[in-house]
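Both of the next two complexes hold chain A, though its partner changes from chain B to chain C.
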Partner chain A sequence: MKKHRAMIITFLLPASLLYLCFFLIPTIWAFYYSVFDWSGFSSEMKFVGLKNYRRLLLNDPLFWRSFLNSIIILFVGGFFVFFLGFLLSVMINSGIKGKNFFRAFIFLPNVIATVALTTLWAWVIYSPQFGIIGKTLNLIGFHAASKFLWLAPNNVFNSMVIAIIWISVSYYVVLILAGMDKIPTDFYEAAKLEGANQFTIFRTITIPMIWDVVIVSSVLWGISALKTFEFPFSFMSSSEDPHLYTLNVYLFIMGFGKRQPIYQLGYATAIGVILLIVVIIFNIAVRRIGGRDRLEY
Partner chain B sequence: MSRSGSRTVVIALVLFLSAANMWAADKVSLVYWSMWNQGEPQAQVIQSWIDGFEASNPSITITPTWNGRQNQTLLRNALAAGTKVDLMDQDSDQVAGGLVAAEKAYPLNDFLNGKALDEDGTIAGTFVPGVLHMFDLNGKTYLWPYIYNTCQFIYNKALLTKAGAQVPNTWDDFLAECGALKNAGIVPIALEGDSQSYNANYFVYLLERIKGRGWLTKAATDKTGATWKDPVVMTVCKMERDLWAKGYVPADSKGYKWPQAQQTLAAGESTMELVGSWLPTELASAAGPDFEWGQFNFPEVKNGKGKLGDLMAYTLSFMVLKDTQHPKEVLQFLKYTVTKDNQMLMAKKGNVGVTRKGVDWPKNLTDAQKAAENAKIVFGEGDGLQASNAELWVKVIRDPHNDMIDGIVTPEQFIDNLVTGTRAYWKNK
Partner chain C sequence: MTNNKTVTHFFPPKMHPGKMVVYVFLGLWSAFTAFVIFWVILSSFKTNSEIFRNVFSFPKKFQFINYATALSAEKFGLFFLNSIIVTSASVIILLAISAPASYVLSRVRFPGRRFLTSLYVAGIGIPYSITLIPLFVIMTKLALINTLHGLVLIYVSLSIPFTVYILTGFFSSLPSELEEAGIIDGCNDFQVFGHIMLPLASPGLITAAIFNGIGLWNEYQLVLVFVSNQAKRTIALGLYSMQNSMEYTGNWVGLFAGVTIIMLPTIVLFVILSGRMISGLTMGGVKS
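So, the complex of A and B:
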């Protein structure tokens, strides 16, 4: 046993050290930096206690806007991601020909660089001059609808959420399909013999049997949604756009800036700490709410 | 080998190493971090400056690192890690609000009073008026501007002529010329719906033209926020919204993503845009060599305090790091960069305006050069607020202004936000 323990420790040590150096220690240091007013240009940091947090939570409407945006992506985006994910999974799993082809095709957005995807959505799909949506609507006679400005400041966030859903669905289709593939077909056959319809089969067999996959996918989606950065940042084009701020983007703007740097590293770190707390709370909540006995079959 | 032979080898080795050491000790190595990407025309010009300087100063080498536009941010991290850098460059207002404000900059006053390399007179005297001291701090000059971009209406001369319109000097004339363009079936104004920086220039200029230089800063630094309630702010907002109401800005512009509006300018589908004079260079390949570029100053407003010649400028500057071990050598290099020949090279190959008097700017920027040389008052983006109070400028004024100019919020809502935002900013400071 001692020999095994020594071996286990030996094999775990390198990864643990890396985790300690590059994740754990910086996380602890983040708490430290978040209580300072610090531009990052010099080692002089002015201790301000919880002032950064007070300012964030009580006096920064832009923080709350970013927070709300992140929550909308998490819940509204999540609803559609999983709804479409299940829909596509059920369709692909229904015995259609070319299942692998469809699986690969649906996964395509995940292998394309985010910057390319933002260019696609901004210029090919949403553009008032060149956009496919506008041109198609105009062609089929919906002239008023074709003039809808997808990228106007009051619409751009919702347009971005649509794009994020489209990009994200494929990843979760793959996860859900992997879970569905494990379910023995006997259960489906037995259910059909009993006269169950597709929805009943889905509700009483598929969902319970892949529940652990659903929970893991929810956690992954939650972390991904709350951390959303790449897409909004590149969707913004050359300048900052507060309509597209998520928590991570706002953190970056305050600490590093895009076109116009603000250089408030202490404040940005405080945003990061709050983001960490939100992610932890979300993970705990999902596991508590979704926890159930594991099904063995 | 005999004993005397070995001795000879040892002595020769010692002499060689001593000579090498002395040679190395005389050699000065400078580190330069640049905001340009390698391969950009401006970077190539700077590289040729470095090559020319090294050729005439063999004991000095300059090693550039081409970081791109996040240069100051990368430099901040590097300096914190102990990296030694002697020289950097960036947009002047960003450096002023960053490294200069953090007391990382080397003061240049004494050096600027020294003799210029290629003419009689001081180095300071070789600069176009107004640019050198734009971002002085406590009476000290820290920035060495070498590229000059004016903020003006950049326009298509052919379209203006086609509509029978003229370059306007007053706001009323400007509206009349926009009307003439519209009547001729030509879109007057290109406006990027999502470009907070460009669109804020209307707000800044109109306030300056009506209330004079410094009023915007006064309003922004009034900790009660009360100055924003001055009727001039409402007037300015209405003047901006009027451009949309009259159809001088296409309604679609609200949904434009940069650089869509400027592409319409290059394609001959719109006439003018309020933006920096880098635009002709940026659109050179889209517009083609026959495009007739012109620039005109933001018009005066009747009975206003600001004058037609008052000019917003975006300059790019070198900055010497305070902790450099070789200030003399760095300053020698900077002196070399502002010779007429070198500035002509930047103007020609970089296709940009430069800060040296008597150097012709590119043909496309002739009007911009005249404006720069004749400007009596020169001010930075946001009336200099980008440098002095970046967070206030970006979060309280510039970004909310874009919602107003795009018609997402009313002028009343925008002004209310200015008041509450300014109060909150100073309360947190």
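So, the complex of A and C:
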């Protein structure tokens, strides 16, 4: 210990200082700001205790809509992300030709900027004027279906969740495949000799063998789903459509606004605190249900 | 029936029907992605009226002017440059401070090591939007709002947890024999790190660089908060603003050119490095 002291300190100091000053302290500070009424960076802060939280939880339908949307993305979106993720992984891993090609191609959306992806989905895929879904449906004879308004207020949230699923699946396919690659092939061969079918093999060999990956992936999905911001915020373009609010979007709108600044800074920070608490609860739940995992924190 | 017959031409006759479903499903999934990307690039060379006339047609004449307009009049050239500066500076500083920290956390025994490691990794679970308002106050006090170096500072600080997580995974997987050999040969701590362990961890460094680089190139929430001056915009924020003004300008082809400009560098990088990226994700994301 003593002989390494110089190295330990010089190596840890720069990263720790930045992390502390520009991430951890602001996080703790947020709890402090959340008990103030504070309407603008240059105006006076007024201590109001838990009033912001009371208003959020008891008196703010928009907050609950955002909360519900976030939860739908987390669970409904999550169901499809993992269902499709496993399906695609098993398919890619089924001994087909071009495994690496398909894996790379499916991962591709992950490297594209979210703000570009929202342009693709809103204006290239869903658009009523020249969206390729509508045009394709029309071309193959489904004239009625081609008129479906993906971006109408009642449909836009579901349309967005579909897009988010499509983007997210790719990431988890790669994680799941990485886990599957580590399973020794003789396990599968033994099971086939015993006459097990694909589904039995998947349930009794694949899932238990990659359980670590499943838990880590669930934690990562929980975090990224709950902090969903960039997609809805640019998907609703110039409007401020509450149909697309998530907790993070609502925080941003209350704090900074979209077109016009709103600057309810204490209130917005309280939303951030609730968001953090929801993330923590989700993580604890996953670990309780999942048992062992290796992402230690 | 006829349909069935034509399909079998593409596959060996003895192919299992289940396998064919697999190829069709994966093929359609990939084709969808490819088609959307191809469509937007192709449309960025059309005129606005051509898009409305026939969405699936080729451009009559390639309108390179769309790109000239995007780069100069819409200032995407400047934004592109800003993004290059911010992204590369952030990645370099991030690695320069995270690699030594990760090395110490994963290879040197000292009291509080486990606690400190957990503290770093905990940052992955903090949705950083909670820090936005406190950070805004701090950045205003430091006069770093609306500056590229202020943005770099934030990008580096908020990316530390993920980077340390990846790099500690790499460092702890290295064999300790070489480290010991270095000590026997008379290297001091710093030389062991610089001459032996850092080169060995270079696949990890490259992985961390690629993922952070792509992530920061694409990021627009933070830059939206900390940069309002048009001259300091990054390309992602530039595209976001262009989207927002679309209902007034109606310049679709310009928007599609903007999309192409922002996504082409990361796609090209991915095509070159996909093998490395996917194996890196494997090692970093689900280390054992």
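What we mean here is this: the second predicted complex is superposed on the first by the 270 of 297 C-alpha atoms of A that agree within 3 Å, B and C clash if a C-alpha of one lies under 4 Å from a C-alpha of the other, contacts with A are read in each partner's own complex, and residues count from 1 in each chain.
As a working rule, a contact is a pair of C-beta atoms (placed from the backbone, for glycine too) under 8 Å apart; a residue touches a chain by one contact, two chains touch by 3 or more.
Since this is a predicted model, take the numbers as computed values, not measurements.
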| item | value |
| --- | --- |
| First, second, both or neither for A:I162, with chain B first and chain C second | neither |
| Partner chain in contact with A:M209 - chain B first, chain C second, else both or neither | neither |
| Chain B versus chain C as contact partner of A:F41, first or second or both or neither | both |
| First (chain B), second (chain C), both or neither touched by A:L149 | first |
| Touched partner set for A:Q129, first chain B, second chain C, both or neither | both |
| Partner chain in contact with A:L57 - chain B first, chain C second, else both or neither | neither |
| Touched partner set for A:F256, first chain B, second chain C, both or neither | both |
| First (chain B), second (chain C), both or neither touched by A:V286 | neither |
| Partner chain in contact with A:F233 - chain B first, chain C second, else both or neither | second |
| Residue contacts with chain A in the superposition, chain B compared against chain C | C |
| Contacts on chain A seen with chain B and repeated with chain C across the two complexes | 41, 123, 129, 237-238, 256 |
| Chain C-touching residues of chain A, taken from the complex the two chains share | 1, 3-4, 6-8, 10-12, 14-16, 18-19, 21-27, 29-30, 33, 41, 88, 91-92, 94, 96, 100, 102-109, 111-116, 118-120, 123-125, 129-130, 132, 135, 174-175, 178-179, 181-182, 212-213, 216-217, 219-220, 223, 226-227, 229-230, 233-234, 237-238, 248, 251-252, 255-256, 265, 268-269, 272-273, 275-276, 279-280, 283, 294-297 |
| Of chain C, residues touching chain A in the complex | 19, 22-23, 25-26, 29-30, 33-37, 39-40, 43, 51-52, 55-56, 97-98, 100-101, 103-105, 108-111, 116-138, 140, 153-154, 156-158, 160-161, 164, 189-190, 193, 214, 217-221, 224-225, 236, 239-240, 243-247, 252, 255-256, 259, 262-263, 266-267, 269-270, 274-275, 277-278, 281-282, 285-288 |
| Partner chain A, residues of chain B touching it in the complex | 70, 72-73, 76-77, 79-80, 94, 97-99, 101-104, 193-197, 252, 254-260, 386, 390-391, 393-395, 398-399, 402-403, 406, 408, 424, 427-428 |
| Chain B partner contacts - residues on chain A that touch it in the complex | 39-43, 51, 55, 59-60, 62, 122-123, 126-129, 147, 149-156, 236-242, 256-257, 259-264 |
